[in-house]
Amino acid sequence: MNPESIRKLFQEVRKGTTTPDDAVNRLRHLPFEDLGFAKVDHHRALRNGMPEIILGEGKTASQVAGIFSRLAQHGGNVLATRANQKQFLAVKSKVGGVEYREFGRAIVLQKDSTRYGKGIIAVVSAGTSDIPVAEEAVVTAEVMGNEVQHFYDVGVAGIHRLLANREALSKARVVIVCAGMEGALPSVVGGLVGVPVIAVPTSVGYGASFKGVAALLGMLNSCASNVSVVNIDNGFGAGYVASLINRLP
Amino acid sequence: MNPESIRKLFQEVRKGTTTPDDAVNRLRHLPFEDLGFAKVDHHRALRNGMPEIILGEGKTASQVAGIFSRLAQHGGNVLATRANQKQFLAVKSKVGGVEYREFGRAIVLQKDSTRYGKGIIAVVSAGTSDIPVAEEAVVTAEVMGNEVQHFYDVGVAGIHRLLANREALSKARVVIVCAGMEGALPSVVGGLVGVPVIAVPTSVGYGASFKGVAALLGMLNSCASNVSVVNIDNGFGAGYVASLINRLP
Amino acid sequence: MNPESIRKLFQEVRKGTTTPDDAVNRLRHLPFEDLGFAKVDHHRALRNGMPEIILGEGKTASQVAGIFSRLAQHGGNVLATRANQKQFLAVKSKVGGVEYREFGRAIVLQKDSTRYGKGIIAVVSAGTSDIPVAEEAVVTAEVMGNEVQHFYDVGVAGIHRLLANREALSKARVVIVCAGMEGALPSVVGGLVGVPVIAVPTSVGYGASFKGVAALLGMLNSCASNVSVVNIDNGFGAGYVASLINRLP
Amino acid sequence: MNPESIRKLFQEVRKGTTTPDDAVNRLRHLPFEDLGFAKVDHHRALRNGMPEIILGEGKTASQVAGIFSRLAQHGGNVLATRANQKQFLAVKSKVGGVEYREFGRAIVLQKDSTRYGKGIIAVVSAGTSDIPVAEEAVVTAEVMGNEVQHFYDVGVAGIHRLLANREALSKARVVIVCAGMEGALPSVVGGLVGVPVIAVPTSVGYGASFKGVAALLGMLNSCASNVSVVNIDNGFGAGYVASLINRLP
Amino acid sequence: MNPESIRKLFQEVRKGTTTPDDAVNRLRHLPFEDLGFAKVDHHRALRNGMPEIILGEGKTASQVAGIFSRLAQHGGNVLATRANQKQFLAVKSKVGGVEYREFGRAIVLQKDSTRYGKGIIAVVSAGTSDIPVAEEAVVTAEVMGNEVQHFYDVGVAGIHRLLANREALSKARVVIVCAGMEGALPSVVGGLVGVPVIAVPTSVGYGASFKGVAALLGMLNSCASNVSVVNIDNGFGAGYVASLINRLP
Amino acid sequence: MNPESIRKLFQEVRKGTTTPDDAVNRLRHLPFEDLGFAKVDHHRALRNGMPEIILGEGKTASQVAGIFSRLAQHGGNVLATRANQKQFLAVKSKVGGVEYREFGRAIVLQKDSTRYGKGIIAVVSAGTSDIPVAEEAVVTAEVMGNEVQHFYDVGVAGIHRLLANREALSKARVVIVCAGMEGALPSVVGGLVGVPVIAVPTSVGYGASFKGVAALLGMLNSCASNVSVVNIDNGFGAGYVASLINRLP
Amino acid sequence: MNPESIRKLFQEVRKGTTTPDDAVNRLRHLPFEDLGFAKVDHHRALRNGMPEIILGEGKTASQVAGIFSRLAQHGGNVLATRANQKQFLAVKSKVGGVEYREFGRAIVLQKDSTRYGKGIIAVVSAGTSDIPVAEEAVVTAEVMGNEVQHFYDVGVAGIHRLLANREALSKARVVIVCAGMEGALPSVVGGLVGVPVIAVPTSVGYGASFKGVAALLGMLNSCASNVSVVNIDNGFGAGYVASLINRLP
Amino acid sequence: MNPESIRKLFQEVRKGTTTPDDAVNRLRHLPFEDLGFAKVDHHRALRNGMPEIILGEGKTASQVAGIFSRLAQHGGNVLATRANQKQFLAVKSKVGGVEYREFGRAIVLQKDSTRYGKGIIAVVSAGTSDIPVAEEAVVTAEVMGNEVQHFYDVGVAGIHRLLANREALSKARVVIVCAGMEGALPSVVGGLVGVPVIAVPTSVGYGASFKGVAALLGMLNSCASNVSVVNIDNGFGAGYVASLINRLP
């Protein structure tokens, strides 16, 4: 629907190779199609050159398999997040070459292995329990063509563990930090590096952690200016934003 | 009302030096008196050997002056917190030797300068705006007979500022940490020292800091095990608890 | 990483017994090691002379057993909190001498029985349902070398039950108070004793207790000045802080 | 609109002394009238034999005076709550015999001094700052014909102050308890007496008191079974409910 | 511990029939005993002449049976609330004459059938789903010796259903109103009757009802002045308070 | 109870065909009857000419079947919402001609197929997971005699999908928009059409969606002026309101 | 941008009366213009045939006047809501024929007095303090060409006041109900009428009303199915939605 | 403190040009200095080559001037955010070349005009009232060396206004979107562009907008995957993060 193609359309009308009625119809013919339960948007994939994403959670195994196989026909990478083993088996029976990334709860079809990212994406997590969220970020960034390096269990109560990795961290082009409980880690990491930090609050904790709200508020109020935040447990979103940043020319 | 004095009372009754009716009355005569608008509790002062405290906020200047002068007659230290200049002037006109600690918003009468604390109380604050709360903790601890050392503006986004003071911090017997915004500082300090840390969330911040709630939640969820928390902006409470800890034999 | 050892390192470099490159490496070689899924921090144990703690919740039985047995090799006490029977069995098959404290949901390895605490830690709870949290505090304090005395089911609606224990309570050096519902008990206890009170809100209650939030807010707003607060149901944290206070020289 | 009067109406219709149309109209003629900005409900006063109440807050001085003078013409007591000095002066210029109760922020016209209450209503408050709310309860109960006794500044952190009044308290037929901060007082009072306790959370406090929410939640979760609760700072409501209870035959 | 008995004690000491030491001990001997997991408070029962209450929720069947049988030995009524079938069977095997009130989820032992209440307690509920909470209030009031009348499914969206019962309602001495969702019923009922209304928010509803919070807030803000409120789903508390009111002489 | 019928009643009394006592009784005889657990309100159905609705959730299968069959005898349409398969089978065994709408979780008895609606009701939903709520709205509107058109999976992140349906949307007389997560769709749709938009927040989402609260707040704050909102997941309410609007003459 | 005009555009291109480049430009030329600080959207006015609305709040007097006079040139009605006296004077100096509706805080320019609404819009409010919000709804509906009837101070605690207006209410085609505090009125009104009810929570109340949140939640959970809700104090939105409904053919 | 400089230090010690004691001291001498009320951190400026930032809010005019002039001596750009006119005048009297950006409430000293950003930063805002926050982002990005283009008043209720700017928007390398009320704009913009979007919730709105919380939640739950979020009203943070992204090589 960009000006060029519209201009071309008008020129065809001018030349008489297209009738006005056909032109109106072609303007309406937008690049998506209808599976009944979900409009598959190829357009988006075309627009930004990135893989199609399916949110597995809340969909049946056959719904996931249906959408996944359809998207797989277009030749790019496909990623199903928050997917379980059962959904994976349903997909696997329809699509070849898929793998299940258990820690990151993701079904991955990686046909395109081009390295789109210009630098390293560092994924840092505070505690052992934050790893599933961190892994979701890792697998997302990898499917989107990035080199990823992870730094796990480097929470702020033992600051020396983080400082020991300072040099490695400072080589990243973007940093993703996952933390639950008080969510302090992004502030400390943000102070150590000079690049954008994507903070992911996790629902790790109990009592007054309110399933990640404490960490979320902590990150939104970070005293480090280079921190922006995504939803609680949204490792995928962090991996996606980091990938977009990392592929900027 | 301790067993000893009650036993003594019974023995007087036995001996006939006290009648049963007088005994009942003496049991009732508890050590406080009535000013009309507030029952002044000398008993508490006797019990724990500590100064009387007046919360200035929400009281008129003359109410503060009335309570203050009454308490001053008992010879110990008196502290009015969250007090303003006007309340100070009212007190000053009735009681000699008082001073106003502007940063800590406190009226202080320090007749007893005994050093009750066994070690140093460190007061750490994250940013310039947290200083009033930190100062309230400082003045409270000082009135209660402690040596206090403060470390201001050492927030987590510039972790080297805190680490530069690590050695000095590690000499404290108790540490008070005041922080607003994400409230991450107590976790980091807690990881650096091996003594109790009293965390004070401050209402510094805006938006999703919700007037200190973000910091409060962060501190309650601290991954450092040696952290306990007092109310938002409650510098007094932190100073009081730290003093109690520091005077433990 | 204290100044003394660094100075020694520089002196070795001066003497030529260490090369500059080796020196840089030794500076980096911090005292923790990597198990893959969690960095075990011996350093922390060394720093404060206290047992290693494992949070059982959210870890598999074999993860708990793996970390536990590793830590057990260092000879000190080990405590796994919020641990279940299954995790205990996994640990027991790898480590000798462990016991399971059912009420406190804790796996304990107590090699060192030194009495580090200088006085008694009193653990007070309001109702029968608060006992698991109180027991977590008890077992933590015991593993950390303290004499503990508990006072259960002495809630404020029957104040005479608490007052009957007043004398015993007043002998404690630190008091832990666990309460759900309105969380009023720490305020009353705080008024009865002259030592630090660690308040633990519990998630006991229903409706507007909001899983411990009512109790938490009550405790943060305590009118007793000697009260500080830990997270909802955080019996471990209370026991830890109380132990630190009790071992202060 | 009770069955008796309706039956009478039907009988009049039967006898022909009232036409069906008149009867329909009389059914419609309910006992209130229209001042334009507020429908004055005399009916309610008739129904329960109690004074008319005006909420001063949010009304102009002349609105308050207009409603007040209208109600005064019906001969019963009139009470304007949350009223300020300006509103009082406006009322005073129109209605004789009114007085302003400053602490309770109430304008009172007490033409009927009958003692309707069968026993004493006790009003207990935790701190000096809770007094305005307590006084609102006091003035409401007095205007409604009750003997009221107050016990101020008997908060739970100095439990002996409350216990010293135990005997007096136990003579009340209903008890109102006003408290801010942690709102623990109603639970303790509830355990001491065997009569209904009306708890009034006050907005006294700061930080995590959230303008009375902490006290409100504490009271709703009271472990004393004889406690019911009214809105934050609603001294009037407590006085009203207590009066209704106290006048039950 | 009332003045009379203490005076008597002093007189015995005077006469020499009691030694001072024995006197001190008797002062200490308060009327409760220790079952290990819960201090059974006979004192409370004596004080207010009412049945013992056990909260079944969160206790094992054998704990409930243990406490229940102990209390049953004192000859009064016993009520276990929020109790399930399993707990009932455990109690039944130890105590004769108990019955299970399924709708009200209560185990009842009613040895004393005295009618203590002076009038009728009306229990009103808005919808079918509110009935369990309403029944808990009913059974509580009945065990405490009251005549109870219930009006179910008379919610405000069909106001004629409520109005049809207006006359019957107006005969009650106290009214309990249970409602979920918007919790509007107590306001309407409060406007129809001239006696105290105890409002019980229920957790009935979904979405923005937030498990009873919407109803709770509605009731706390009732524009009817004769309404006081208990915790969400607290039918027991409402029945208890209503019973206390109804037995006032 | 309208004036006409009351007048008629009075006229009968006048004529002597009805006695005053009978007249009082007839006034009381309101059009509902009592099933014991729920007052069935035929009156409401008569009043607004619409089907009877049963909320299935929280009722047993036999309760649903009982109410359903009773209502079915009155000849109109009957709809049970939030009903499960088990409830459907119970109804089916008692009532002929019922069908189960699985996606919309509704049991439907459609005896009256009159088209009451004057135009089309459009039902728009943002994502695949919002469909159950949208379907509840669809089935409700259909049972109430409307032509319904649905537009699914047209969320705002792919705005072209919505714009492609703009023309079809603009033909609706009322629009229902269901969306979870950020709940932005009603604002965009509201800007595209000139008719009333009923927004239904859904509980679709995770983390900071807080089970639909984020969407609810978004919709309440819609910058499109033609949007009003119903409860989270309340597809039924939206369908009901839309039907009322659509049948306005 | 409707298909017809686009088809026409293509036909012009076909005929050669428009060049392809001009056609692309005309497609881009959407009907709004730029004032620098706000894009005035005439398009919207054209689309739905309704007046332009300006939100006065948060704009300077001269900004309001600037936008107002610009919009006034297009000949339709103009309405500035939440406008103060100062803004009115600024508008008045630039635009003739404007009036200020003080109670509804609105600046009105009513050039078009066509009665667009097909029936009566009833505006009901619970208390005197809700009138400003109700008046905002009234003025909005009037500017949009409706006959409006208001029923003020008919809150639920005196249900007879509402019932007395039942007949009048039942003649409305749409009903707007404004209420603060517990927000119960829409449920009762909803049960009395068979037409759509737009509920407006107001911020009237104190304490646990949380500035309208209690009323908002009450309305969202209304047990009356014909209720939908707008934002707190959003009288304008209610008037707008009601007008759209009332003008449906 | 990077490895290179430490290695150099060791080598000097080896050579004997530095003594071990001097070396220890130099390790300690970190690059910040102490102004008494705030530690000025030049180090941070050196680390990331970016201007020093001062938060004006909550600081006195002389504090701002003191810090500003100190920082100005280091030759880079200086930015004071949330600064008022009075603070500006204090700064201006001490530092030459500063300017006040009124809409963005910023004091700017721009000595370095290097264009560090590689592309355009687009700043989009929903309504007129969001402009101050948007301007804060603009001025921050400009001081940090970026070309900025703004698109104001293009909220989602008039989607054509946004679509009209689609082409221009798609040329940006990073997009900042500021919106209050429902906060829907970032989702729509996120769907239109293929680059990172930084969403800034603003406190614009009333009632259930809860001072920006509705917008914040909306943005955190955005269905567009390329959106990350900063604190409410944090235009500075958005400008800072966007600048970091835009200067990535």
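Lettered A, B, C, D, E, F, G and H in written order, each chain numbered from 1.
As a working rule, a contact is a pair of C-beta atoms (placed from the backbone, for glycine too) under 8 Å apart; a residue touches a chain by one contact, two chains touch by 3 or more.
Quantities reported herein were computed from a predicted structural model and do not represent experimental measurements.
Chains that count as touching both subunit E and subunit G, per the definition above, are D, F. In summary, the pair subunit B and subunit H forms a contact in which the copies contribute largely different residue numbers, shared numbers making up under half of all those used. Taking F-H and E-F together, the pair of chains sharing more C-beta contacts is F-H. Inter-chain spacing, taken between the CA centroids of subunit A and subunit C, is 38 Å. Between the CA-based centres of subunit A and subunit H the separation comes to 25 Å, rounded to the whole angstrom.
Inter-chain centre distance (subunit D to subunit H, centres taken as mean C-alpha positions): 54 Å.
Multi-chain contact residues, meaning those touching two or more other chains, occur in subunit F at positions 3, 44, 127, 158, 191, 207-209, 213, 216, 220-221, 225, 231-232. Interfaces, counted as pairs of touching chains, are A-B, A-C, A-F, A-G, A-H, B-C, B-D, B-E, B-H, C-D, C-E, C-H, D-E, D-F, D-G, E-F, E-G, F-G, F-H, G-H.
Per the touch definition, subunit B reaches subunit E in the complex via residues 3, 6-7, 10-11, 13-14, 16, 20-21, 23-24, 27.
Across the complex, subunit C is touched by residues 126-127, 155-159, 163, 180-184, 187-188, 190-192, 205, 207-210, 213-215, 217-225 of subunit D. Across the complex, subunit F is touched by residues 127-129, 131, 152-154, 158, 160-161, 164, 204, 206-209 of subunit E. On subunit D, the positions that touch subunit E within their shared complex are 2-3, 44, 47-50, 53, 118-119, 167, 173, 191, 194-196, 198, 216, 220-221, 225-232, 236-238, 240-241, 244-245, 248-249. The touching residues of subunit D, counted against subunit G in their complex, run 1, 28, 30, 32, 37-39, 41, 43-44, 57-59, 63, 201, 203, 211-213, 216, 231-234.
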